[in-house]
Each structure stands twice: as structure tokens, then as C-alpha cells.
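Worksheet for the structure shown next.
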Amino acid sequence: MKMKQFTIPTNIEEKMIEWRRDFHRHPEVGWTEFRTASIIADTLVKLGFEISVGKEVVSSNRMGLPSELDLENAYQYALENGGIETYMESMKGGFTGVVAKIVGQEEGPTIAFRVDIDALPIMESTKDEHIPQQLAFRSIKDGEMHACGHDGHASIGLALATVLSQNREHIRGTIKIIFQPAEEGVRGAKSMVDAGVLQGVDYFLALHVGTGVPLGTVIAGTNGFLATTKIDAQFTGKAAHAGAEPEQGKNALLAAAQAILGLHSIARHSAGASRVNVGQCIAGEGRNIVPSSALLKLEVRGENDETHDYMYQQAINILNGAAAMYDVELSYDIMGAAKTCSSSDQLNEIIEKAALDIENVNTVHRLTSFAAGSEDATFMMSAVQEQGGLSTYSVFGTTLAAGHHHEQFDIDEKVMKIALDTWLSTIQQIYLEERSNE
Amino acid sequence: MKMKQFTIPTNIEEKMIEWRRDFHRHPEVGWTEFRTASIIADTLVKLGFEISVGKEVVSSNRMGLPSELDLENAYQYALENGGIETYMESMKGGFTGVVAKIVGQEEGPTIAFRVDIDALPIMESTKDEHIPQQLAFRSIKDGEMHACGHDGHASIGLALATVLSQNREHIRGTIKIIFQPAEEGVRGAKSMVDAGVLQGVDYFLALHVGTGVPLGTVIAGTNGFLATTKIDAQFTGKAAHAGAEPEQGKNALLAAAQAILGLHSIARHSAGASRVNVGQCIAGEGRNIVPSSALLKLEVRGENDETHDYMYQQAINILNGAAAMYDVELSYDIMGAAKTCSSSDQLNEIIEKAALDIENVNTVHRLTSFAAGSEDATFMMSAVQEQGGLSTYSVFGTTLAAGHHHEQFDIDEKVMKIALDTWLSTIQQIYLEERSNE
Amino acid sequence: MKMKQFTIPTNIEEKMIEWRRDFHRHPEVGWTEFRTASIIADTLVKLGFEISVGKEVVSSNRMGLPSELDLENAYQYALENGGIETYMESMKGGFTGVVAKIVGQEEGPTIAFRVDIDALPIMESTKDEHIPQQLAFRSIKDGEMHACGHDGHASIGLALATVLSQNREHIRGTIKIIFQPAEEGVRGAKSMVDAGVLQGVDYFLALHVGTGVPLGTVIAGTNGFLATTKIDAQFTGKAAHAGAEPEQGKNALLAAAQAILGLHSIARHSAGASRVNVGQCIAGEGRNIVPSSALLKLEVRGENDETHDYMYQQAINILNGAAAMYDVELSYDIMGAAKTCSSSDQLNEIIEKAALDIENVNTVHRLTSFAAGSEDATFMMSAVQEQGGLSTYSVFGTTLAAGHHHEQFDIDEKVMKIALDTWLSTIQQIYLEERSNE
Amino acid sequence: MKMKQFTIPTNIEEKMIEWRRDFHRHPEVGWTEFRTASIIADTLVKLGFEISVGKEVVSSNRMGLPSELDLENAYQYALENGGIETYMESMKGGFTGVVAKIVGQEEGPTIAFRVDIDALPIMESTKDEHIPQQLAFRSIKDGEMHACGHDGHASIGLALATVLSQNREHIRGTIKIIFQPAEEGVRGAKSMVDAGVLQGVDYFLALHVGTGVPLGTVIAGTNGFLATTKIDAQFTGKAAHAGAEPEQGKNALLAAAQAILGLHSIARHSAGASRVNVGQCIAGEGRNIVPSSALLKLEVRGENDETHDYMYQQAINILNGAAAMYDVELSYDIMGAAKTCSSSDQLNEIIEKAALDIENVNTVHRLTSFAAGSEDATFMMSAVQEQGGLSTYSVFGTTLAAGHHHEQFDIDEKVMKIALDTWLSTIQQIYLEERSNE
């Protein structure tokens, strides 16, 4: 028995491009997506969705939050650049998540789709060959850019909402669309899980466009994300004149140097791949002053919980010990975190079936292993799997003008329709499987 | 035989305060003293001095020069805040030294006085108890401040010029007044020596106010400055994604960490005190990127040439070796340098005699040892001594509101008149000694 | 067509136990197996084998050779403890390999078996529960012990020779039995390959007993050994009195400390597992002397050539750079090396078939992955595969009294007969396959 | 009033040479001076002295004690090589100090002389030009040697006793001669102070021969010894196979490497010279084992208590912190200690006067500063000064065949008579001063 297909508005692709280019012009980095999220909220409400925003969907315990000043400035900037105050108010202070919900007339499963909406702190290219420059949708915000495709993700989410709003009679159970802030730095997902957004979800789907996969290829499920924790470690000592009384200082930079070497010397683990990186060090007040402060921005990763937790514990030991060596204070904050990813094979198979018939799709892989990056949708995937649901992370290939996080990054927008169609078809395939299981 | 005393204008103290407070309101950090130097030049010309400015007195080979952009911005700022374009033009690009010369009617020695004129990158206090705030001469330039007394030094130099211009008939030989830029960071003196400013000088006098010495105390000569070299070391490696392909990176921060520990581990020297400090480290592009760059701002010091040169050579070895460990590139610039100081005892004695009769002076020391700082007038002292002249570095005590380089630093302005009188009296004492030697 | 089975002497198990216990009593560490190898040579000659010994089978370019004094002392000790001078003479200086060759009457393949014969520098247990102690075959040489089972390996080799010598009429082509010195530290195999011992070999079989596999289990082929290089790095600086003139020293220990941290900080490689270990550091002459020497014993490993070669190259950079930091000399020697291992599947299958019918064998695995150790038979395996032959590394399980390299290590001697039978059966299976391929 | 001179036996120089050469042939390192001390005790008793030995004069709390096995072996060796059992028994376990006391018939001050008696772990030269080799008094104990002149010191002590025993009628008050073990490594003096040996002493004299001062020169008093603490730091982690399960290890060598760098990076102190040296590192079990142990032999020094105590405290922080970084255990022992030295000027003057008339003395300095070594007589000097007495450390120059601690070290024995005469004359000079003060 084949189910009736959803009716799709003829202008949906045009709409997706319009949204995507608008978001692209107005990038907002993690926890400052006031304009983006408020426009999403407004659009959803106009489509007839029940929405939750702000603290309803984002817990206060957020990782990697910008300074209050930065949050406030971003808020003002959003206000002046098209943000919708009605919705922005509840997002003040960085609660920039939105969840849309639509309930069908028949009983059925709860299916959740998650798209991420934040941009990166990258200055976008002004080269002529760069399409957003040519077509005048280059970022107007100096130093911020959608260089990872989240503008497209957000648009896919809105397109999905649009189609569903026009096909209410075909919906069973509940469908949620989760617009997540602050994926970059793996910061936002955990806060939405903590706020309960994933409770009751039976099927969970997240996606990414690009990632080196060619246009026309769909990867139903991916594994292999590395679990990770992002740490800001601050050593605080005591300044002193380095010529006149060096012994009066407590040298935070020496502690940091020992820590840097110590962190990178953590032994390999036989249970799987691990990583450590001290990506940044900012230390000291002046050449002739014993440095009283040193900030390290670091991360550890592991192929599985065992290796990740080992790396994390060793790192904390190293940091504490290094501080003790020079009698300086250590404080540290968790700035982001993600888990490993194990896409549910049963759901991968459903998506694989759904994708096979989609227009412009020529290759479908059920499962591949994603090399060595991290992704915080894994927190959501894990939450759903822990409550007995299925979850997976799909990749929709597209032609890239330059690699992710590059100043000339750009996608072939055709991927958005492929992703939309695959997700819509997956809904129907889920209903089919559920019925056949009855 | 006692010589006729110089006639001193009655308002000279008032003038010094006026100049000092004007300079204090308009601080300019090293190599950007466009306003200060141009006003000095203008004043000197009006007093009838023959002056040399710009490349005539500052060689192109300057240490620790700001970026071209910073120089240009400072130039514009000076233009808009009272700088005198006639003289500023020849200072473009940071040639902000001025030398005044006056030749007497009789034969005689060449005596040179050196004052430094630059400010510090410190935000001045706005507290009510801070006198410059109370009396409205606090710095109007955010983040720059005369927190070391060079505003007073410059004023003493101008007052000396004023008195001499009115006492031409008492001058024998030649008197030079050297207004030196960029003493902070020990950058400017060597360039003036290289430009030949000290050629032919028989007696050289430099001074500092404050330094913990009480008002009323004069130290004729000081020894004990540490020879020093200031180095900016830049490690350049190769960025790579720390999760996906860490082996592709060349880690500049690991090289820097090894270097930091290595530098601080240079063995003590049995021939005298030594110092090393890595005061700042700025490294890396992002948490998840193998750091491709690391900048260390460091300095070495030694009680004498042997220990200084040893520290310097070891430091260079350490830096090169650390770069080699991680196959990263090293480049380094000398950002400043100073020598040790050995005040000429014969000149100390002359100044001691001169100071004993000065009003408000209650204590005179012929020679003390200055603890563990560095000062680039030492380049000038050394140049003069090498050509057979005498040189010394005097300290004029004054009450300080807070220590040097502190945001509430302030001097008791009475010290300026003491210094002026002592220098004038020293000129006469020199003439006396010269005559008695004939 | 089933081939005629080899006739096996009834006392062969008794003989194996006798040999094994004699070797166990007289352990000899790598390159000093004068007694062991000369007894093997003598036995083989008496069995009618053509043998090659000394420089014929071991190239001069040996890794990890003991000192001349140690070699000489070991030689004398062997002479006094049952070594056979006739054969020992050609082994002088550590050329302690033996290769036996027997040529059949019919044409056929060349099959080579390799057993290793060296002991470990471990003091054997004197506890009552330790069987060698109970049965009086504990090592009589203080500080040396067969704690890895090579005494059993050597005995299997001799038993194989014994059977073959009595079944000459069933041999086709050529059979070689390679008795290799210095497997511990992965030192000896490469020298035998360099001497040409593997030339013309079509089938190569190596084995190990134990390794955690239970008695009765045979693993036909193993993969997963890590490629490795063992390095002794010697830093040589200059001593100086640490109180009186520390600056005169060149501190080899500081260089070593930087190197230790540097080596352990080599970045993980995304292409596979890697390892690094500085296992020993011996440095310095006395507490109050700047250390003029520091010896590091280290190793790098990689899951494949790419990761191994990367680790090796980084390590050499680190060592050189660390020496440069402190202006000390670096010299290093390669003390051992091994390759990764890829057992030939076709040969694994042959052994699997051969093992299935062997008495006391209850489980046969065709291929498993060996965890994270290294083995220098891999040099031989690789040499044979490069010339188009097949090679594999088998494991014969046995009950262990304690883990390998433990002072109470002991094997269940029953494994020797299982290994002998499997190898004899494998010869017949090879003949069978060769015939069926004709 | 000039006092009657002591009568000196004509053969005293011959005796000193005999004793010295006997001690030289039989060197005994610190805490194992069983033969030396028992012969001294026996000689003193025969001279009629009241002696104290063993635990009477050496507290149990000794620094840098050899292992029990080494003590026992040395004891046996001494027994077999001329040690006198009667006295050795009370020295068992390393209580190898002797104090001789003689009380005069008149009231008077208590004067103490201290000589040290231990040898060094150095293999003595066998070169023909080496006098002890030529004259057959080279050390017969492999690896131990009197390479610092303590054989001469002990002989001077015995000669002093000999003269005093024959001049009892000229002695006033009390004279003590302290024969101290374990000066090398600055270990023994504190234990004798703790045992109360210095109680009641009014004048304390210690000496050294050689030290670069020419024969015929006497230095009455020296200052400038560096205060020092000698530390053995043991890191204990957990071994693991570096290939198979590196994460199971706790790497003591990485902790040690961080500590080595950390210790040498302790900031210079502005209050005076400081030193730090990690002179030895012995770590690890094998190349392929994560090192579970690392021993560092280190020392800190300071020109004064402030700098010494600062260095010591920083060192302990560094060691503890480094252990914490790698979660390994730290234990440390104080292996030796000495204080700074401030010779009493009043006593220097007395010795200066006494030395001026001595035969073969051509130059006398009242006070010089000793460069950068350490000496544990400082504990005794300090103890005497604290109870109101005077103490000084004299140097008697002599021609050296090679520097101290060199395998060809040898003294010109003439110095012994100079020292003896000076000390005898000093006793008389003290009596003279005491009388004149009455």
C-alpha cells in the first residue's frame, strides 16, 4: 500500500532560495541569532504552527555564551536589521531557539527534524567569482558569515513547515521542527535537550548539506563523529616587574606552557582514536611584566565515550597540576560538548528507501562514517535513543565553491529541494512502516 | 673663582608646569610623538635655537616601530590636536626626535643634555584623588598616558633652552639639548646615536625624576641598569583541522611552549645577575585548528655585557631549536635594546658639587646603584665615553602619587625646578673645572 | 587425493621437552645465543642437514648489538656452559643465526619456517609454584630468562628438522628452517633478510606460542602488528659545576626533557593508530654537575607505513630541535625495527585446513588481529610477499603460568606437539594445493 | 705579654704524611668511614684523649645515608682492611663521627676544631705522573678516592691532637677536635650539631686545603658559601605496555620531564644569586614500557636564606604540581643541606695575626668571598654564632696536581704543617685576647 503523497507548492524552491539568501545576508553567530530566529518564529506562526521560543526551548545552562555586552550589541543590531521584536523579547540574553509543532488528526508517532541556524565569525569574500557577492546577498555584517550552510538548513526547515502546513490532513501523530542555535562550537544542542525539547520523540532526523559529498548523493545515516569537550582554561597568577623583582610574580604563562605540552602528551588510548588541541593561547600584559594571566582554548575528542572521558580526565589533571607547579589559580569553563554518533540502522533504512525515488538523487548510501569532526545533534540523537526512539544524521551532498569555514564557501542551492523531498518522503515511509508493524 | 650665575626668568617654574601639563594632556607613545616633538621644535626655534629634526637626528634603523597604519593614525590625530605641521612633516613615519644646539661666543666643551618625551599605553585614572583629573590635565587620548614622568623631562629640557637662550653671553663651546622619542621599550636612543647626534660631545647628562627617591634628594650618578634586548619572536607553522587531520598541521604553539620553558630555563650566570621574561604569548586561530602562528614578546637582561650577551645567545638558540622541533618557521625582530650604565665618576663629582647649593635640595649622593631596570640613554652614555667624553645618569627625587607605570602615577612638579637648577649649575661647574685644568 | 603422511618418531614430544628445558636452563639474550645456536647447528648437522651459520645468514648491519665486552663475556660463558666451539667460532661477535636446508628429490616449492631463539634480561622466579624451579630447569644465568617461549620455538624447529630428516623421500622442492637471533627488541630479522636468507622462498611460516590464546586454539594468520622503530638517542653536552659556573655547562638533560615532552606531543594521525614511548632516561653525572649526557631509549609505532613513517620523522625533528635548543650534540642509533604484518590469506586458508585435523586442536581461526605489539618476522614476511611468495604468522595457544615477560612465565609444553603437527600437515597441504594447481 | 709556645714533636710532619697516605690508600665515602674513624678514635685514645663516637656525636636523623646493604658491605670491607672493631661497633649503620676532648688545668674558653674525613666516589687515576700512584698510596678501593683533601684534613686533626696531648699544661679551658663524616653532599655536619657537639663552644674553626689558593697563602675567614638543599625526588606511576595499552600507564618520566623544565624555570631572585640543578635523572624500566618510576637528584642554592628558601619552596611546588599533572606519586628526601657562611670578623682577625708569623706563609688575607660552592661546616658555624660564639672557615692554599674532585687530584703535603702551626698559634692568640679582655 503506497500512501498519498504530500502536495508541494510549486514555488517552494523559489521560497527556499529567498529565505536562504536573506539569512546569508544577515549572518548571526551562536546565541545571537535574534533576527534569524525571530523571522523563523514569525513565519511559523503565520503558517499556523504552535511554536515555543526562548527559555521554553533553551535551558539557562548554556555553553560558550558570548559576553553580556556582545549579546546586547547583537540584539540591538538585529532590531535595526529586520529582527521582529515580538519574538526577540523572549530571546533576550541569547535564548535563540525555536521549536514548531504540528499535530495530525490521527494517532501516530512523534517525528522531530532538527536544523541549525547559526553563522561563523568569518569575514566573507568580496571576490567577483564569489556568487553571494555577484548576486548581492553577501553578508552585510563585517566579520560574520554563513560559511557552513546553516542558512540552507534553516530554509529547509521553513520549507518543511510550509509543506506540512498545507498537508495537515496527511499528518499523523506529531511533527516537530527544531531550529537550533549555536551549533558551531557544539554549544546549543545540549541546552535544548535539557529544556526537554526531545521528550516523547520517536524519530529524530538531523542533516547537513555538503561536507564533501557530491550533489545527487544522499547518505541516510552517518556514524563516526568524535565525542568532544571544549574547554577554556584560565590561569591567573601575579604580575611583577620582570627586571626588578621577578620573584614576586606568579607566572601564569609558564603554567600554561607546561599545560600545553602536558595536554598534547596525553597517551594514546588503545580503545580508539583520540584528539587534543590547544588551539589558542592569549597570555600576558607586557614584555617586561611577569605574566599574570593566560587563557587556553582547547578541546579533547574521542572516538567513543571511553576514550573521550579518558582524554577529558587527563586534561583536567594536567591543567590542575600545571597551575600547582607555579602556584597560580586555575579556572575553566566548558564551552561546548558533543557526543559520538550512532545512527539507528532501522531509521537509516527508512531514509534510504525514501531517498531512492527523489528527483535529482543518483546515489544513496545507507551508512557511512564521518571523518573525525564533531556535531552536537549527537546530544539530541542520544536523548531520543535513550528513550527508545530512533535517530539518525543524514548528509545531502552538494557542490561547494570552497570548503566549509572558508571565506568563499557557497553551496549549490539545488540540494535544498533534495533534502526537503527526502524528509517529506521519509515521513511517509515512517507512516508506512508503522502501519505495517501494527 | 666663582663664575657668574645664569639669569633665570622669574616665571620659569610657571612655564615648566604649563608645558608639562599640556604634554600630560596629550600623551604620545614611542615613535608617534608628532605633536610633542613639533611643539618642542617650534618653541626652540622661537627661542633662537638652531634645531635638527626627523631623519637628521633619527636613523631609519629604528627598533620597535609601530605599524604604518598606527603611525599614520597618530600623525592625523596629532594634526587635529595641536601638532605643528611645519615640523611634523619631517617627522612623518616616526622620526620624532629633536636636537637643539646653541654655540657660545667663547671656545669650550660640548655639553649634551638628553630628555625623553614619550608616553605609555596606559589608560589614565579618572579617580577624583588623581591630581591630573582634579586639575583637568588628565590625558584626553584613550589608552595613552604620561605615567613615567617624561612630560616633566621634556619640560625641563624646554626650560633649560629658555634659560640658555637668555644667557648666550655666558655660554662657551656648544650646548645640545636632545629630545629623544621612544625611550619606553628602550627603542629610541640607539637610533639617535646611529644618526651621529652624540658626535663630539664631551659631557653627557641624562636624568630621571622619581624612581622612588624622595623630593629633595639628588643622585648625581647611577650605575646598575641592566643591559637588555627586547625580542618579538614569531613562529609560523601550518593550520589544520585538529579533529580531521591533525598530522597535517605544523604546530606553532607547541614550538612556542617549548621555547617559553626553554627560555626560562637558561642557566644562571656566575658573572652577575641575569633576567629573562616571556611577557606575552598570542597564538592560534581557533580552538579546533592546529595553531599556525605564535608570537612571543620577550626580553633578556644582564648585569653586564657578558651576562647579557650570554642570555641573548642562549635565547636565540632556544628559539631556533624550538622551531626546528616542530618544523615551523621562526622569525624575530629586535624591538628594543639598552646597555649597562657606568656613570663617569669625574662627572658625578661635578654634578654632586653643583647640586649641593641648589634650593630645596637636602641630600646629594654621588653614586648609587639602580635596581634591575633598563634605560636606553645608556647607548648615548656609552657612545660618549667611547669617544673619550664623560657621561652620567642622574636621578632627581620627587614625591609620587603612585609607582611608575601606574594609572595614578603623578609627580610633585617641584622637582622640575631642582633639576633645571642643578643642570644649569653643572654647566658652570664644568666651565670651572675646564678652566682650572687649563 | 590425500598424500602420504610423514612418519613421526614416537619420542619426538619427549625430545622437544628435553631441548626446551635445556634451552630454558641456558637462556641467552639477543645476539649472544652462542650456546643455543651452536647446539642447534650441531644437532642439525647430525640430522644430515646442510646448514649455514654466522655471517652467511646474518648481515653485519645488526641493530641493537650489545657492547663488545658483553659479547665477549657471553661467548666465554657459552664456551664454559656447553656451547660447541666448532660452530661458535663463526658466530663470534654476535652472528648467532642458523639456517638449515633440506632439498627433496622431486621438484617443488621452497617453504621456510622461522623460529626465534633468544631470551630476555629478566631474573627468573625462584618461587616453589614456578614449574621450572620445581623441575630444576630454572635459568642458571642470573638476570636472563626464557620468558617469552622462544625456548619452545627453538625446540619446535629442531623437532621439525628431526621429522623431515626421517622423511626425505616425501619432501619436494626445498625446506628451510630459520633459527633467528635477537627477536626481542625486534633486532634480528632484518639482518637475516639482508643476508639473503629469504631469497627464493615461496611459502613462509612463523609462529608464536601463547599470547593469551588458550591451549587447543590455533590462529592460522594474524594481522595488526604495529610497524615500529626503536631508537637510542644520546644527547652530549658539557659538564660544569652547577654552583660555581652553571653558564659553562651545556645541559643535556634539559634537552632531553624538552625532547621527552616533544616526542609525546607528536600529533595523532588520522590514518591510523600510532604510538610513541620514551621508556628510559639515564642522565647526568652528579647532583651538583650540569648534566653533560642524557640517554633516551624510545620507540615509535604506527598501524601502517604512513603513520609509522610520520611518527619516525617527527621524532627525529624533535630530537634534533631539542639538541639545538641547548647547543648539545645529538647522536642516535636504530636499535630495532619491525613492519606491519599482513598474513597472506591464501596461506592462512592452507594452514587452517591443515590445523583442523590435528590432535588436541579444538578451535581454528583463519585470521585475527593482534593487538598493538610488534614482531620482526614481519621483515621476512614482507620480503617473501615482495618476491611473490605467501607468508603468514600463526599463533598456537597454550596455558600460561603468567604473562609474557613475567618472571613466572611458563608454557604448557603440549603446545609444541600441536605446532609441529600443524606445520608438518601444512607442508603436505601445500604440496596438495600445488599439485591441484598444476 | 707573649705566651709560651707549644712544643711540637720533631717528627710531626712525618706523622702527618704517614696518616694522610694511609687514609688516602683507604678512602671511605660519606657515612662509611668505619676504618678511618676507628683508627682516629684509637689514635686519640692512645694519646690520652677523652673521646665520644657513634650515636653520642651523630644524631640518627642523617641526610643522604647509603642503603643498609652498602653500609653493611662497607663495614665488612673496613673490618678486613684495618678497621678497629672496638670502635667500629658503635659506628655500625653509619655513625662514623668522632669527637676528641681535652680539658686544661686552668679555666678558659672552649675552642673547637672541625675536620672532615670522607672520600668521594671517584676512580683514582693510575697514570704514572700521579704521585699517589708513583709512591704506592693510590686508593686500593675501586671507585673511591680522596679527591678533595679530606685525608689531609684528618691528618691535621690528628697532628693537632698529638701536639696538644704533649702540651697539656698550656691548655686552658677545653679544646675539642671534631672529626666529621659525610661532608661531601653536605650531609654530616647537621647531624653532629643535632647531637649537641657544638654546645658550649666559644670559638669554632674549620678549614679547607687547596681550593685554588696557592701554597703559602692563608685565608683567615671566608664568606660566600651558598646555602643549599639537596633533594632526591622520586616519581612513582604505573607501568603499562606502551604499544598495547598506553592509557593504562601513569607516566613518571613525563612528570619528571615537566619537573626538570619547571625547576630550571624558577624565576631569578632580585635579592641575590640563586642556583638550581637537576644533576641526574634515572627513569624507566624498558623501551616499550610506560615508565613507572623516575628519580631526580637535584639541588637548589641561594646566596642568602631568603633566596635559598624561595628556591626551595618553588622547587617543592614544581615537584608536587608535576606529579599531579600525570597523577603519579611524589616522594622526596632531603639528601644534604648547608647554610650560608659569615665568618666572625673578630676571629678572622685573631687567625690573621696567628698566621702572619708561621713558617712558609707568605700571604694572609683576613676575609675573602668563596665562589658559589657549599659547605656544611656552615651548620656548625651558625650554631656557634647563635649561642654567642665566634666561628670562621679558613683556607690554606696548596699546590694542586689537578682540580678538586678530579681523578688526578693531589695536594702538596707541606700545607698540613702550615695549617697545624696556624691552628696552634691561633689557640695561643685566643688565650692572649681572652686575657687582655679580662
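Remarks
Every chain is named by a letter (A, B, C and D) in the order it is written, and numbering of its residues begins at 1.
In this text, contacts are C-beta pairs under 8 Å (C-beta built on N, C-alpha and C of every residue); 3 or more make two chains touch, one makes a residue touch a chain.
Note that this is a predicted model, so its numbers are computed, not measured.
Taking each chain's centre as the mean of its CA atoms, D is the chain most distant from subunit A.
The greater number of contacting C-beta pairs, out of the two interfaces C-D and B-D, is seen for C-D. Remark: subunit B and subunit C have CA centroids separated by 70 Å (rounded to whole angstrom).
Taking each chain's centre as the mean of its C-alpha atoms, subunit B lies 51 Å from subunit D. Contacts with at least two other chains are made by residues 244-246, 251, 254, 258, 261-262, 264-265, 267-268, 270, 275, 290, 371-372 of subunit A.
Subunit B makes touch with subunit D in their complex at residues 261-262, 264-265, 267-268, 270, 273-275, 371-372. Residues of subunit A that touch subunit D in their complex: 244-247, 249, 251, 254, 258, 261-262, 265, 267-271, 290, 310, 317-318, 320-327. Residue ranges of subunit D in contact with subunit C, taken from their complex: 185, 226, 228, 230, 241-246, 251, 253-254, 256-258, 260-261, 264, 275, 277-291, 294, 297-299, 301, 335, 371-374.
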